[in-house]
Each structure stands twice: as C-alpha cells, then as structure tokens.
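Each in structure tokens, the structures are laid out below.
Common to both upcoming complexes is chain A, partnered first by chain B, then by chain C.
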Partner chain A sequence: MFCPMVLPAFHHGGVYRVISEGDSFLRTFVSRNVLFPESRRDGSTMKCARCLLQLQCLRLVGQSARSAAQHGALLRSTSSSQPDMLHNTQVLRRFHGSPACAKRRPVPAEFINEDDKKRDKSLVTHDDLFEQVAKEVKTKATFNKVVDVFIKRDIRRRGHVEFIYAALKKMPEFGVERDLVVYNKLLDVFPKEVFVPRNFIQRMFNHYPRQQECGVQLLEQMENYGIMPNMETKVLLVQIFGEKGHPMRKYQRIMYWFPKFKHINPFPVPQQLPEDPVDLARFSLTRIANDLDAKVTVYQLPSTDITESGEQIILPHIVGIQSPSQMQLLAQHSPSRPVFVEGPFPLWLRKTCVYYYVLRADPTPPDEKVEEPFDPERCLAFPLQLDLDLDRDFGDEESFDVEDLDEGPVFAMCMTSQGDQAVLNQWISGLQQNNPILGQVPTLFRLDAGPRELQGPADTESAHQHRTDPGPQREERQPEEDEEPRRSQGAKW
Partner chain B sequence: MSLPKISLPSVRLLSSIHHHQQQLLLPSTSPLTGPKRAVSQGEYRRPGQPKVDKFPWQPINFGFSKGFDGVKKHLALLKKEFSDRWVGPQGKPILEHMLEQNQVLWEFRGPESLEQWTVSSDQEIGGQSEVHLKLGKNQNTCLLYGTLSSTPPRDGETRYSGYCTMRSKQPLASFDRKKHYDWSSFNTLHLRVRGDGRPWMINIATETYFSHQKDDIYNYFLYTRGGPYWQDVKIPFSKFFITHRGRIQDDQHPLWLDKVNTIGFTLGDKADGPFQLEIDFVGVCKDYAHTEEFAYEVYKRNPEI
Partner chain C sequence: TPKPPAQIRAPKSSTTLGKTLLYNSGFKGDLTDFKPAEVFPYPEIGNEEAEEISQLVAPVEKFFNEEVDSAKIDREAKIPPETLNGLKELGLFGIMVPEEYGGLGLSNTMYARLAEITSLDGSIAVTLAAHQAIGLKGILIAGNEAQKQKYLPKLASGEHIAAFCLTEPGSGSDAASIQTRATLSEDGKHYLINGSKFWISNGDMADVMTVFARTEVVVDGVKKDKISAFIVERAFGGVTSGKPEDKLGIRGSNTCEVSFDNVPVPVENVIGEVGGGFKVAMNILNSGRFSMGSSSAGMIKKLIEMTSEYAATRKQFNKSLGEFGMIQEKFALMALNVFVMESMAYLTAGMMDRPGLPDCSLEAAMVKVFSSEGGWICVSEALQILGGLGYTKNYPYERYVRDCRILPIFEGTNEILRMYIALTGMQYAGKVLTGKIKEMKKGNIGLALGMLGKKLKNSFGSSVDLGLTGKDGVVHPSLAESAKKFEQNVGLFGSTVESLLYRYGKTIVDEQLVLKRVADVMINLYAMTAVLSRTSRSISIGLRNHDHEVLLANTFCGDAFFKNNYLMTQLQKHSPENNDANIKKIAREVLEKRAYVCSHPLERTY
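Then we have the complex of A and B:
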C-alpha cells in the first residue's frame, strides 16, 4: 500500500492535515471493512480505498500550486507509484461518476418512453417519473431503471435535488429502503466535484446548502432504517461534497455510533425472521422461556384437511415449551388448587407480533407452603445453607428493600395460531403425557384479548370456561383473599 | 459552520418530552384533553400551530381556591424539611446515607404512586398514538400500555411520529421549589420490568445551568425480552450518552449524578400496534465490580476535524 509517509511541517496546514487524515481514514476504514462482513471484500473495496487516497493526493497537488517545486521534490522522494498517479490524473478524474462504479455500471438501459416525457414541457415534479413506473410491478430493477433514465437525461443533472427527495420518498413503495446499493446509486446522481469547496471562504459559508441538506437527508434515511454505509458511500461523499461538508460529518457520526450500538441487545432478534410458523414459534418460545434446559415440543403441525362434505378444516400449529424445573413445580402442585391457561399475551419481534399462552397457577397461600429442608448432598462443592449468626453492615446489603412479588409459578408456555379452547385443550392433553398430574387438576381458561398481564390471585374472572375433567372440586370463583406481600420461594428458574 | 435551521423535528429518539399534568381518573391515568403545563416547564409550541397571542398575566389563575389547601400542604413540607435536617442528609441517618448500597426510588404500591409519573404520547404534536398508565392487577406494579401509530400528523412540518413516554415528575420541596435526586453514591440503575419484547429507551434529565441545555437528556436503551417472567435490568450510569432534542451529540460526557431531576421511559420503535410494559420497581445500586467511568470517548472530538 502506498502512502506518502513523512512530510515536513508545512505552513499550509490544511494540506498536511489532509494527508494524515487520509492515512488514518484508510487504515481504519480498511480495518473496519474487515470487521463488518456486509461490506464487500472483493477488489472494489481496495479500489475504493485507492481512489480515495488518489483523490486526496490530487487535491494536494491541486491546492499547493505555489510550492510546486517542493511538492515535486517530495513526490519524487516518496514511493515509486506516485508518478503513476500523476500520470493517470486525467484518466482517473471522472466528473460524473465514481471510479469505483465505473467498471460495474451496466449497459445503458432502454429509455422508458423518453420522448413522451419530453413532449410535456409543463412544470411537473419528479414524482411523475416514479408514477409512470408505478403502473408496472414495483421492484428494485424498475427503481434502478428510473434512476438511470434520470442520469442519462441530462449531463448537468438539472433538478437532481428534487429527484433525490422524490426517490427517497418512493423507496419504501419499491421495497428498496434497506438496500445499500440503491442508496449508493442514488448518491451517484449528484454531479461530482461541483459542490466541493475550493477555498476557505466557500468552506466557511456552507457551500451549496441545498445539496448538502439533500445529502444529509439521504444519509438520515439510511440511518433511520439502520443501514450501515460502506466505503463506496464514503468515496462518493468525498467526491461530491469534499471531506469537510455536512454529509461527510453525518457519515462520520453514523460510522462512530452505529458500531457502538449494533450488538448491545442482550436478546437479539435476527433481521430475517423464520417464515415457517413452527420455526417462528420455536424461536420465540426459547426466547421467553429464560431457561436453556427448556424443551420445545411440537404437538401439531399446521395442515389443511378436507372433510367428506368438502369443507376445509385448517389445523393450526401447536408448539409448547417446558423446562425440567417447571415440570418439577407442576409435579409439586397440589391437585386441589386449579391451574389457569391464560392468554393471549403479545410478544414483539421487531415488527411482528406473536401471541403466546401460559399455563400457571396462583401462588400457594402461606399456610399451605411446605419448606423442604435443603438436601446437603445436592451440592458437595460448597454448603447451601449456613447457620452463621453474623450481622451484616449497611455496606453489605445487596438486595433491594422491596417486597418480592409472588405471582405464582408458570408451568408451561405455548404458541398457536388459533387460540380457542379446543386447541388449547389439545395442548393440555399433550402436556399431560409428561405431567400426569394435569389429569387430576382442574384447569380454568382465561382467554381475554387486550392489554394483558398475568392475573393476580385476588381477581374475579370475567370470562372463563372449565375444562371437562374428573376433578372433585370445581370452583366457580377464586377465593378472594388479599394476599399480604410475603417473601417468595426464591425459586430461580 | 452550521446548517440553516431545519424546521423538521425528529422524534425518532426520545425528543424533548413535554409532559402534561394529568388528572387522576381512577384507576388509570391518561394524557389530558387540553395542554396544561406547569410554569416551570416552559412554553411548547405544537408544530403547525400559530403562536398564542396572550399577555403573560392572562393564563394565571388568581383565585383563592388553591391557596388554602396549598398553604397547609406547603407548611407541612417545610416543617418536614426542617426536621429532616436533624436526622441526617436527605432525611436519612448519615451512616445509612454513606454506606447504603441499594436504594429503591420508585415502587408502585398504591394509586398515589402513579401521581409521581406523567405519561405523554405524540398526540401532543397531532399524532395518533395512545398511552395509559394504571396500577397492575395485584396493586404491586404499574402497567404502561397503549397503541403506537407512526403516521405523522399532517401539519407540513413534522416528518416522523409515533412515540409514547412515561416520565417522573420533578420532586418538589415546600412552596414548589425544585428538589433534585442525589445519586452520587451509586453507579447502576436497577429496574425490574416485564415488557413485550419491544426496545425502550431510558432518559435521565439532570439539572442544567444554561437555558440551551434545557433539552439535554441522557439516554440508554432498555431491551425487553418479553414473556411471563420478570426481567432484572442493570444499567451502569457510565453507559448513558447525552442527546439534545433526540439527536445524539458529538461532545459526550458522563452523567453527573448529584442533581438528577427526572427519569423516563420512551417507546419509539416504529412498529405500529399495541404495547405494554410492567414495572415493578426502579432503584439505584452501587456495583463495586463496575469501575468504568464512561463508555464513550471524551478525549477526542468526534468526528475529528
């Protein structure tokens, strides 16, 4: 990699800073491209990096015309590839396209009714271009075609700002709002090097403010959708607006903050959720189960049956999850107290909402609770119970002075597309195979829609149905007792 | 150089929260129909509305009705303040103040605890999200629920919309003087929440000196897992980054804990639909294992010039 290494301290401070900045940029951006696999690691990255450096060196040559002699000496003294760059100056300076895009630019597409559009000379917004395409299927290819039409239409790209604003607005309709290539192509619409400030007065006075604002809005839409820009974006921005413009600052901010916040979600949801409802149910149940030992069981796969009378019966999928500690709790549950099937509770995964149902019971009242003594042989590494009589200081209080909530144990969760009682009955029968106690315990169903929370013990049920069960006691109403806050069993599942 | 003023308020991150005072409609509280702001909160002009042309004394209520109740309440507060001084700093014995490791700030154990919170949504700027706050079923937690809708209001100015927030009220001493929380002996925020899988944002507003800093808020994300189990969330204060009106700033500095005014929770994740968040308690704790002072760079300007 060639880079001009050491320059004597110029009084022309801007030049020196440009060089050193580019150096650090280059290193950081190449390294960053290694870290993020979504950027392209093929030749175009290196090409981008190279042409970025070439731009900066060209600017160096262009700016310091006074000290050309000094420059000549320096450039000769630096690496041998410098003369190559000087030689290729005219060839590489593309006015309207970035060198990185040059090789990849496709053959000019056919114009879509170019003549028809040109005949109409009235004042139209650039939405029209998109409207005309809207009659066909809106895809990425048609979007690219429209952009190509605009690019080919006028060498000076008259009205490119309005066109870019219109394109940004239409992107969600064409389904390309998360596509970085499309954003780079849209950024390519700007004419290059026209808006780059050439002296300090231009730099001071917000050179070409409308175009800078347009560039910032484009980057802001990218930021809105969470798309990380790549090296090509940077090269384009440098060519269009220079290194000190507002779009470049915005790009730098994106590149600073996005990597910091990319992986801070402790419960990450993939961008592409599984399409299959059973897989989606499996993913979300393992997410909410909070236990790595939990096992997912598919009780029924989705299918459509056609009965003799020709009716279509759609059987929904039933996916349930239960962990060994939940099974243990259910086994310890006394058969005289009922269990509840509650739902549907919402669970949001990015933009989709799925619903799950819960099998739970009320917390045991304090008189019925049995404190099982710790089995000292359960863990031989350290004692589970210490009978020390030490006082704890203020500085050693590690828990909050808050009453523990005891909402009762949760025994299992399930997800299904159709949440009526018949389907949930099927789930309970499926659970019964592993938890025989469900055969004796009365099960009540509380299936209400609306903002849901686990119902507490001191509640009257509004709409519940019984599950037909050989249960000796079937109570219509819950005993309404005001539970005093008390210590929970401390079971951590 | 600075761009000309862009009159497009972005409310993607939590923007400046302008909260209504709320009437307590038992059992749930919801934002008022009309805007009522305390004098200390400053003026808010809803985008798209013309400026109200009133003399400054006209909105003030000169009646006597609030006078007598107010005098009793404030004198009681004043007496409490004087007597608290004899016990120790902030009403706690000094040993407890110095050595305590955990402090519960807000817990929802009765309807009066809901009075410490204000809810607000983008209906203030003309959007269509709804938000309500009520006590949980067993009177031990609070439930913040509602519907998010990200269609922006058609006033020509606003481009993004769809947010709901809950913010604590500024603690007030006697005669409505502002009081601040002092969390300088703690370094972690501890919450017990049960969400529905949506990502929330926690905002902490501190006392500032200059009026430009009025909308400076320290933010961090609160990712909920969803599900029937409660989630303990511990966020060290060193992770909070500063934003102004929802825009993250270049010059970052750590959150100063000695004069904290309010804490709030915002939802603005652009997913339209119902949401809910249950909060058991909000507390601060001192984590001796956490030695980080600040998570973001302060020694270099970003972006580098």
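Then we have the complex of A and C:
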C-alpha cells in the first residue's frame, strides 16, 4: 500500500525523487492508464485491475477506442515537445495491441517529468488555474484547455473533486454554463471504475460519498441551467459511479422530469434575445399583445444626427403595436373622454428588462354605454334573436366570472429607448395617421419617472459574457429632469 | 281498399307542416292539433297537368340527351349560344312566369319536374336558376303590374337574362355590411347606384338585374339606412362586369363581379317599396330553394343508370361488381336518397302550389339541406363504384362531383339554413311553451311532476298517437311500423324541445351545436313524413313497383329513427354522447394558434 504515500508526492516536483524510485511501477502504471484510461484505478487494486483490464479489453473496445482517441487528441493539443508527439502516436498505435504488449513497451517516464517541469511547482488552487490559463479571454476553448491541463497534469487526477467544484463555479464566467459538451468533459475528469461499488456491502453504504456528491452537484448545475444530459453523460456516469449510484439516480430523475417540463411554458422566451433594440421591441410587443392580427409599426429608427452647430442628437427608436380590433375600439371611443399614455411598465425577458408604454382609456361608465340596437333586418337567413320571454336557466348559466372585470380598453402599446413626453408624442402622432380620432381626443401623459436606479453602464462585452446583474436594456435612456414631477401631466389636444 | 285521394285541405293559416310539427310536438304533449291533412295524402296533380308535363318533359329530355355536350361546356367554361337558344326555344327561361307575360306559367310542382332534367348539366341548371329562381323572382313576386309588363315578357323568352345582385365582398347573409348605395337624384326621378357586387351568377350576360342597395329612409322622423331592391338594366349605363371567376364546378355558368358606377335607375324601378328590400330579398331566397331536391334526385337517377350498367358488366374474381356487398350498399344508398329527395321535393312543391301562397320556406330549407348533402354523398359514391376510372376525365363522374360541391354552399349555406330551420322551429315552439315553462320555473309542482312522468314515459319508448295508423289512420298498414317509429320520435322530440327551451330560453340562438341537432332531427322527421305520405299514396292507388317504395320507406324510416334517437340523446343534459364542450375547446385552441396544435409524432424531447 505505497500508493497513498506516493500520490501526494507525485504532484510536486520537489519530491520527484520518490517517483523515480518507484520507476518501474510507474512505467507500467502510466502505460496502462494512458492506454486504457477507462480502467484507471488505485494502486492498491492494481492487480485486480489488471485482470479486469484484460476482460475489459474485450468488452469495452468501442468505449476505449473513443476515449483513447480523445486522450490522444488532448495530449496532442496541450503538449508541444517532440517526445510527446512521439508518445502520442505510440499510444494510438499501441491501442490495437494487447495489454501484455503494452507492458513490454512502456512509455518513457519523461513524459510526466517534462510536462511537470513547465508548470509552476507551487501548490495552486484550482480557481487560480482557471485565472492563469484564461488571462485574457474567457471562452469555451480556454475552459477546455484548463480541463485538459488538469487532466494531463496528474495521471491520477488527484484533487479532481475540488477541480470539478471549481470548474462548475467558473463555468458561467466562461460562458459555457449551458454547454453539454463541457459538462460531459468535466464529468470525464472523474477517474473511471474506481467509485463503482463492487459488492453488496459497498452498494449498501454510501460508496465514495464525496465523489458521488460532486457528481450530483454537477448534474444539479446542469439541471439549474436547463441542460438535458445525453447518452454520453449516462455512459460516463455508469463508468464512474456504476448503474445504481446517486449520480445515476439523479440522472434518471432529470431524464424523467426534463422532457415533461421542456414545453411547459406556452410562451417560451428564446435563449438568445435579439440584439437590435428595434428587433427586441418588436419581439416584446408581439409577446405582450399575443394577437396574431396585431401589426407592429416602427415609427422611428434609432439614429444619431449631428446638427449644423455640431450638436449631437440621438433619435430614439419608437416601435408600436396595434391590432385591428384595438383600432376599432379607439374609433368608437367617445372624444369627450381623454385617453392616457401610461408607463413605463417593465417586461422581463430572461435577464433583460424592457419597458413599454400603453395608450389606454378608463372603462366606459355604465350610463354611457350604448348597446348596439338590435336590427331585425340584419340577417337575411335566420333570426338573430328569438322573440321569447325565456331566459337561460340558472343551471346552464356559465357567464359568471369573478375575473371578468372591466379595466378599460388598451388601444396601443409602444416601446422606446427614451420615454419622455416628446418622444411619446411622436408615437401618438404616428398612431393618428391610422386613427384619426386621436386628433379630437384629449391625450394625457401619465408617465412615471422610470427605472433610474436600475441603470448601469452599457454592457458591450462579447456575446458569451454572462451578465450577473443585468443592466437595463435601455442604455441610452436619459434620466428625466429632477424638477419634473414624478407624474408629469401634459395634454395634447 | 285503396283510399280515394282525399280533398286537399287548404291550411287556414300560413303555418305549414314543419312549423305545425314543432308547434304540436311541443304542445301539451298530446299533439291533438297535428294536422295530418297538410301532408296526408301526398299532393297530386290533375290529369290535365300530368298530360301537360309529359308533353313538356319529352322534348326537354331529348334536348338534354342529344344537344347538350356537358363535357365541352365544362371544358370551355362556356355554354354555347346555340345551346342557350335551344333552351330559350323550349321556354325554359320562363317556366314559372305566367302565360300572360309570355312564360310557361307552370306550377312549382312542374318546375320541380323540369329541374330534374335541367340538372343533368350543372352549368345550365345554375344559369337557369340564377335567371328565374332568383333573378327575375323579385319582379314576379313583389313587382307591380307595370314592372311585370315591361320586363317579364322579354325575360320569359330569354331575350333578356336576369341576375340577382345581393352578395358583396364583405357580406354573405349579413345585410348590415351591404355597402352599395342608392342616392336619390336632385330632381327626385332617379336613384344613382354606386357599389359593387360579388359572385353574381350570370353577371356577365345579364341584361336585367335585381340589385339591393342602401337607401336613406325616414322612419318615425329619424333618417335610417334601409335596403331597397331595384330593377337595373344594363342599358342604363355604368354597369361593368369583371372577369369571370374560375370555379371548381359548374364551370359553364358565368359568375363574376358586377360594379355599379353612378347607374341611374328610375324611381319606378324600385321593387316593392323603398326600404322594403330586406323582405324582398328574403322572400326571393326562401322561395328559390325547394327545387334543389328534385334537381339532385334527377342527377342521381341518371348516375344510378350509368353506374349500375358498369357494375353489372365489370367482373372481378368471376363475379360481377354488383354481387359484392359493399357495392350493393352504394346502390341502396343512392336509391334511398333519390327516393327521399323526390318525396320531400314534391311534397313541398305540392304544398306551395296550394291556394293562398302558403309560406313553405322552412320546408324548402329542409329539402335543400337534405338533398344537397345527400347529393354530395351519392355522387361521390357513384364515382367510387368506378374506382380509378371515375377519377378520370373520360367519365362524367368527376364533373358531377365538382358540380355537386356547390349545392351545400349556394342559395344559403347549409349551416345558415340549419340555423334558420332550428330557430324558426324554436320560435314557434317557444311561443306555445313559454307560459308552461315559466310556471315550472316558478315551482309549480303539478306541472313539474307531469313533465317528469312524461319523461319517464318517453324513456320507456312510449309514443304519442298522431292518428297515423289504426282504423282511421292515414298511413298504409304496410308502413305501420315506420309510422310508429315516427310517432315515437315526434313524442321524444317534443319533450326534447321543451327541455331545451327550459335550459336555454332565448339564448339558444348562441347554441349552434344544439341547434344543428334540432335542425337535423326536424329534417329527418320531415323526410319521414314525406316518405310515409308518398308511399301510402303509391300503395293506395297501386302505382307500379310500390312494393319497392315500401321497402325503401321502411328502410329509411328505420335508419332515421335511430339517427334521431341518437341526436336527441345527445341533446339531453349531461349526455355522455354529447361532446360539445370538447369540440368547442378543440376549435378554440386550434383557432388561437391558427394552426394544428399538436407536436409532430416524430418529435422528441430528450
């Protein structure tokens, strides 16, 4: 049982000598593990492992081939020295040989030595590893590189649990929190077969609890981001924790519930929202209106003008939506009663918040409601009303509804990056073209100050960049003057 | 002993059978007021008339068999002028125009008989119908003497062709969306008509049109827009017709848009009174429908001849096609349908021919719905008998299928007509039942118990005695079983209508699925009546092959009995057969999405 002693020393170049002493073992060990990474195991079970290995050679050729090739590829990408390349080709070639053959032609120990020398010999936390590798850009590529570095640094994957926790934490920063391939790659960091219980006693008790917990944690993060595991995940979990481990149970639960809930939202918001504010406004308005007849009109495109005096004028975008039935309602609106422009109201789309304004009126008071008189000469074919003195029976009365409240009509909606009265007035003028009645109806502006406190600097980082606290969507929105009352009222006649 | 044909009793009021049926079926439950005399015996025509008809029918039949090339008409989408001239010479453009105005002056019954033949070509049938069933009908039924004198002779001879201009782009049966406007000129002598009308049959060739337009009328000192009917001559100027529509069937008939641009129409050309156009339009439409029963019957009779020829000669597995049960079923279906259509059509026509101009619009609508749907099924089955051959243009079946598809659509769609049928019935039944239902709602225990007892009785299959069978029965004993079934249906229908009125009251107008079933039951009941009446007469006077009629009548009545029972079960509250709520929900969800809602069966979620 020298392994627990060797392994800590192995990591640090300072005690490299210990490794040299156990060189012959190491060679065997390395060659076997590089060749058949699926069967990597503790030194204590070495013998046992070898027997198993031979069995697996026959059983898991397909899987081994995949992961052997994968490892080969990883090595190729991370190592630069010639011997490594040589080794790499050897590995790939030797895969076809039997384990006995591999034993006879061991891999030079320099592989580990060399690689280790390049690295900082001090003990570093895994968070730092991420920071080190990805100094400038944090992308999927760099994230993968970190994982590769970790895998290659230590053949025993010592500290892999800590590494995986650290990686999980860093994923959003690298913008890979929704990438299944990356999760699978992280899962692949676990050594295979080691944590699979091999008898009923192990199965009964919590076998390798820390590792299992880590695996569950990884799956849970996937779950939280709505990432559904795939077949590769399952294969990995089976290889790492066995058919009935906790991570496998977690996987099964995810696979039970996820498909059921996948389409639970009848109004799904796309993962990628449109970048262009006009497109975003169009999307949001269509979503709020939820009316296939509603027509979106872009009253003004965002643009920057420079006046003759050199002053820069930013014209905000104004996008509105109105449906034919809203137009009809507006046309029937009594000009003696005002219509209101109200807002801004927030609309959250995932992590983005946008604001909209509505044109509405108060509900018609009951005494002003005009019921359309019944015209008996309306329908040429059949009577539209029966001349009977019988009402619907109480048992068949279904019209009662506590939610049926008269809130007053909403005539139109709009979104703009700059919700002051002047801009909204422009919207109303635009609406007036198709709704001539707006020329006669008094229009009152009842605008709230808006979400000033939420405003942050424009977030212009690259697309993958995760926003921890989303800034408001309307970056250009200018804060309203302080003198302005909270509820500014102006009338447009 | 054969019954002597009883004297046809003219109805005292204008209530005709359909209404009486409902009126009675809802009345007290004892139906003492049922007037079998209205439908029993089956209406007959006099010997003179019969002779006249046979004289008329022969040349028309000859003309259609020899001179009309339906395939060519369909192909070229035009009726050749010589064919049209032939039709004019036969007098077919003025069948119902009185003789003093140059028409044939035939009765509704005779018109129906001729329609059987003219329907052999869909395009010609529609052209003729657009001309006289609706086009000149306005002048005929609501025009004044001067208008009749001026227009009818030329229309009857076919020198002028008429069209009926009501439909507009935005309106079908909705009179409120008629936009065409007639404004009185300053001198008060002319109306200027502006607007355009859609889907006008004969629109391209019509010389005289009945046009409906909005006019300003002062009612009780208030200015109002009301519909008026005008006789518009193309010669007035300003009338333009658009490109003919390219249609699925009845391709030889002309359908196009007609536009009116400041067309000056003299004030004396208003049909009826100014603002009275709505009634004129309704009367024209209601009176034009009855002939569809005989038209469909004529067409299917022809198809039976053609397909049975094929079924007898075509061999499969050493058997002729006619020996196969599934083919036999199709022939039985066609024969049954023809039989019922004929019975209904001539019963209705006969009732309409009674003195006093009885209002038979309800019956006419029932005939139209039944025959248009039956016609469609039969034509499709006839094509099926021929299989692939029927699908080719080498045979006329595909043309019949295409032509037939218009039947459920025009002259009021079947949906609209079902509403009319059911609501007219409900209105009559409601008038009688309102008092009783109100009493019950107030908690009159005696009445409620009485109703309960009646319901119980009905549930045991007891029926009301309408006096159809028995010693003084009007139905022949061979049909006694069928008559009993009819009586049972009528009994159950009475209580069904009553409970519907109890549940929905006047809001039944919005219960279209309920109304559809009510209409279907009424149509079936009317069809049963017609069949029973006709067959009883045939047996009594010993018509040739009346035993076949008995067979058909009993088969149909048995079938209709089950259908009615099913429909009425569905109409009961909380009936498990009734899927209405689900149907509405499905439709609502589909319409919300405006697409088929389900995911594709090949889609996966994991």
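Keep in mind that, in the parts below, the second predicted complex is superposed on the first by the 293 of 493 C-alpha atoms of A that agree within 3 Å, B and C clash if a C-alpha of one lies under 4 Å from a C-alpha of the other, contacts with A are read in each partner's own complex, and residues count from 1 in each chain.
Quick note on the criterion: a contact is a pair of C-beta atoms (placed from the backbone, for glycine too) under 8 Å apart; a residue touches a chain by one contact, two chains touch by 3 or more.
Owing to the predicted nature of the structure, the values given are computational and were not obtained by experimental measurement.
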item: Contact breadth on chain A, by residue count: chain C or chain B; value: B
item: Contacts of A:Arg378 with chain B and chain C, given as first, second, both or neither; value: second
item: First (chain B), second (chain C), both or neither touched by A:Leu292; value: second
item: Contacts of A:Phe267 with chain B and chain C, given as first, second, both or neither; value: first
item: First, second, both or neither for A:Leu349, with chain B first and chain C second; value: first
item: Partner chain(s) touched by A:Asp391 [first = chain B, second = chain C, both, neither]; value: second
item: First (chain B), second (chain C), both or neither touched by A:Leu405; value: first
item: Footprint overlap on chain A, comparing chain B with chain C; value: 260, 393, 395-396
item: Footprint of chain A on chain B - complex, ascending; value: 1-4, 6, 10, 12, 95-96, 99-102, 104, 107, 136-138, 140-141, 143, 145, 160, 190, 194, 196-199, 221, 223-230, 248, 250, 270-271, 273-276, 278, 280-281, 283, 285, 296, 302-304
item: In the complex, chain C residues that touch chain A; value: 166, 173-176, 226-227, 278, 281-282, 285, 412, 416-417, 419-420, 423-424, 426-427, 430-431, 434, 437-438, 441, 501-509, 573, 594, 599, 605-606
item: List of chain A residues in touch with chain B within their complex; value: 21, 203-206, 209, 212-213, 216, 220, 224, 246, 249, 252-253, 256-257, 260-261, 264-267, 269, 284, 287-290, 345-351, 353, 356, 358, 360, 393-403, 405, 407, 410, 413, 451-459, 483, 485, 493
item: Touching residues (chain side chain A, partner chain C) in the complex; value: 228, 255, 258-260, 262-263, 292, 375, 377-393, 395-396
